[in-house]
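Report on one structure; see the data block that follows.
For clarity, chains are labelled A, B and C in written order, and residue numbers in each chain start from 1.
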Amino acid sequence: MLGTVVATLTGLTVRDRKSWRVGLYGYNGCLVGVALPTFLEMSPLVWGCIVLGSIISVVSTLCIADILKTWKVAALTAPFVFTTWIILLSSYAFSSLHNGGLPHPSFPHQFIVETNSTENRHYVFDSLFNGISQIFLFSSLIGGILFLIGLAIESLWAAIFAVCGSFLAILTATFLMANYDSIHLGLYSFSAVLTAIALGSTFNNPSWRVLAYTLIGVIFTVIVQGALDTLLSPLGIPTLTMPFVLASWLFLVPNKEIMPAHRQ
Amino acid sequence: MLGTVVATLTGLTVRDRKSWRVGLYGYNGCLVGVALPTFLEMSPLVWGCIVLGSIISVVSTLCIADILKTWKVAALTAPFVFTTWIILLSSYAFSSLHNGGLPHPSFPHQFIVETNSTENRHYVFDSLFNGISQIFLFSSLIGGILFLIGLAIESLWAAIFAVCGSFLAILTATFLMANYDSIHLGLYSFSAVLTAIALGSTFNNPSWRVLAYTLIGVIFTVIVQGALDTLLSPLGIPTLTMPFVLASWLFLVPNKEIMPAHRQ
Amino acid sequence: MLGTVVATLTGLTVRDRKSWRVGLYGYNGCLVGVALPTFLEMSPLVWGCIVLGSIISVVSTLCIADILKTWKVAALTAPFVFTTWIILLSSYAFSSLHNGGLPHPSFPHQFIVETNSTENRHYVFDSLFNGISQIFLFSSLIGGILFLIGLAIESLWAAIFAVCGSFLAILTATFLMANYDSIHLGLYSFSAVLTAIALGSTFNNPSWRVLAYTLIGVIFTVIVQGALDTLLSPLGIPTLTMPFVLASWLFLVPNKEIMPAHRQ
């Protein structure tokens, strides 16, 4: 927990020293700083990886933003995802990086429900906010509420979309009978929360048409989450926020054609 | 069989209700409607997936077409392939989607011929039309002939290229000693048929130079088919028409440079 | 050894007959001709694959160059990597192509050092030049020195960057405790050598700022090498020069923004 906070500061410091547009380049480095200590056992070398990862995340933000400029789409958290994936994948090859926190590589296999679904409704309030705190890779009711308050101060619409997105994602995943523990920990909703905010409030002015569009986007994000979990299972790395990035890119690229009037 | 037809109609209905350019956006939704019941056990939820998949296939057609516009290439069946892959991959994570029809995930291993090749020539006529019907994910002599007649009415050249493409693909796969049963079922030729039509007749006016170009394209499609079978074997999903999409993109992007005179 | 030389000549001959800009299109075909006999057991069919692979490498050079033109980046050795990957992957499906030289497909697992690191310094001189000769897929002190002399005649800066890149890569990989045998054979340095040449001398005029940029690029290439080794382990194919291609693209796309003054 402390490590996460310090890592975040390090990530930000590295950006600050560079004196570049911090707001835009900083958050990917910050997320790298949060993610690496979650999956790798802490050591001085992991600190080095965070510093290097922050620099690489800035370079890849520039690179991905330059590529996506062609289609007028933002890089979102893709630089964070690619940088972290590369470092986590490489940890298998380097014996000085201990990846105890990574899932064990295995073939995908059909998930079959074992628990009874009656215990479901008890925790839906917790699950709702776990999904929001899971964006920063931990499950916490308080953390989720704090993040939501911060978001509401910035934009009330964004906060409303975040809660509704989290709820809709839990509903979809439960309906499709995904692993109940994963749903409760917010593993099916954190990407959906980001998609809901991105499609619903950041990039478009809210309206009924945007609402329907966001609804489909959130449901699709849950399916992409399941698909990426399967895709990455033989590699033993987590999806991070890639489902959000893929679903948002898919819905934002043709956005200009479908709803030009509501585009900001 | 009946399910396939009904699914196709559903796929088309969804498009119709949207009242968008049906011809262009419809066929990817239609293919999603054919593919999902082939690999997933039918249930009301799979119907829901077909409806959602059709909507997603329209959004991804818009998205992919917008991206490829930069290089003046068509989306082909890529929206169908990506949409279906995502739903099939996600079926592993959701216990309400039973993926009994999917191949079992396994490591790639060198294929070694066991059957003797003398029984080969007996079925080459069947294999030829299986390759054409396999585009719609089933092996049938009658189905292949019916599809070919439909194609011939539209364009005689396309039908000729389809038959020649299927024959050349069977020849190449047999020469490279692929699994004989797979060849007979048309699994090495359905993508090659589409490549032959796309490179030979749809996008370019037929000529000797186009013919040589198409010949290489068809042989390459068979190799890409083998490569994608290997690539996807740890994930337990089928290649669908991706070999056709990859080979056609590869040969169409530099097309303007190699043969500008024959370009329509 | 002899086969490699003859294959190289074949690769070049195919290009010559086409009478196209040999210098630009030839080297990818040449590398395909070197790579295939390294991983596949020689047979007349492999010769056919080399000829087909050379043609495909020219088409994919045109295709990739056309795509990357949008962001003003070169295709580098990407056409060689993709063409060879496809043929090697397909060799699993075709029993007439024996892929005895390919690594066995397996799940990624954390590498743990067994040897003691004291024997390290004895061979660092050998390792240095193995990394350079490994670009052409073999480990040889003499081969590395000969290649370096050839490079020095063309450009002294390029040769200096090659040696420094190889040394820095060995240092980084040793520091991260990668498999010592792999380091000694140059498997962690051949891509780093190419990155050092590309970032340091070919695309930019050398300066202190370029030097720092190249330094990070080389260290990152070693990490990408480890990541791609993990990524490809379930598929049983080698990384080839993909780490170089990925790292160089990442650093070259935003290059115009970071250092426009030094850009040639």
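The rule we apply is simple: a contact is a pair of C-beta atoms (placed from the backbone, for glycine too) under 8 Å apart; a residue touches a chain by one contact, two chains touch by 3 or more.
On a predicted model such as this, the values are computed, not experimentally measured, just so you know.
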item	value
Proportion of interface numbers common to chain A and chain C (over half same, under half different)	different
Cα superposition angle of chain B on its copy chain C, in degrees to the nearest 5	120
Averaged-CA centre spacing for the pair chain C and chain A, given as whole angstrom	33
Junction residues of chain C, two or more chains touched	70, 234
Chain B residues within the chain C interface of the complex	70-71, 107-113, 173, 175-179, 216, 219-220, 223-231, 234, 249-251, 253-254, 257-258
Complex interface listing, chain C residues touching chain B	45, 52, 55-56, 59-60, 62-63, 66-67, 70, 85-87, 89-99, 105-106, 234-236
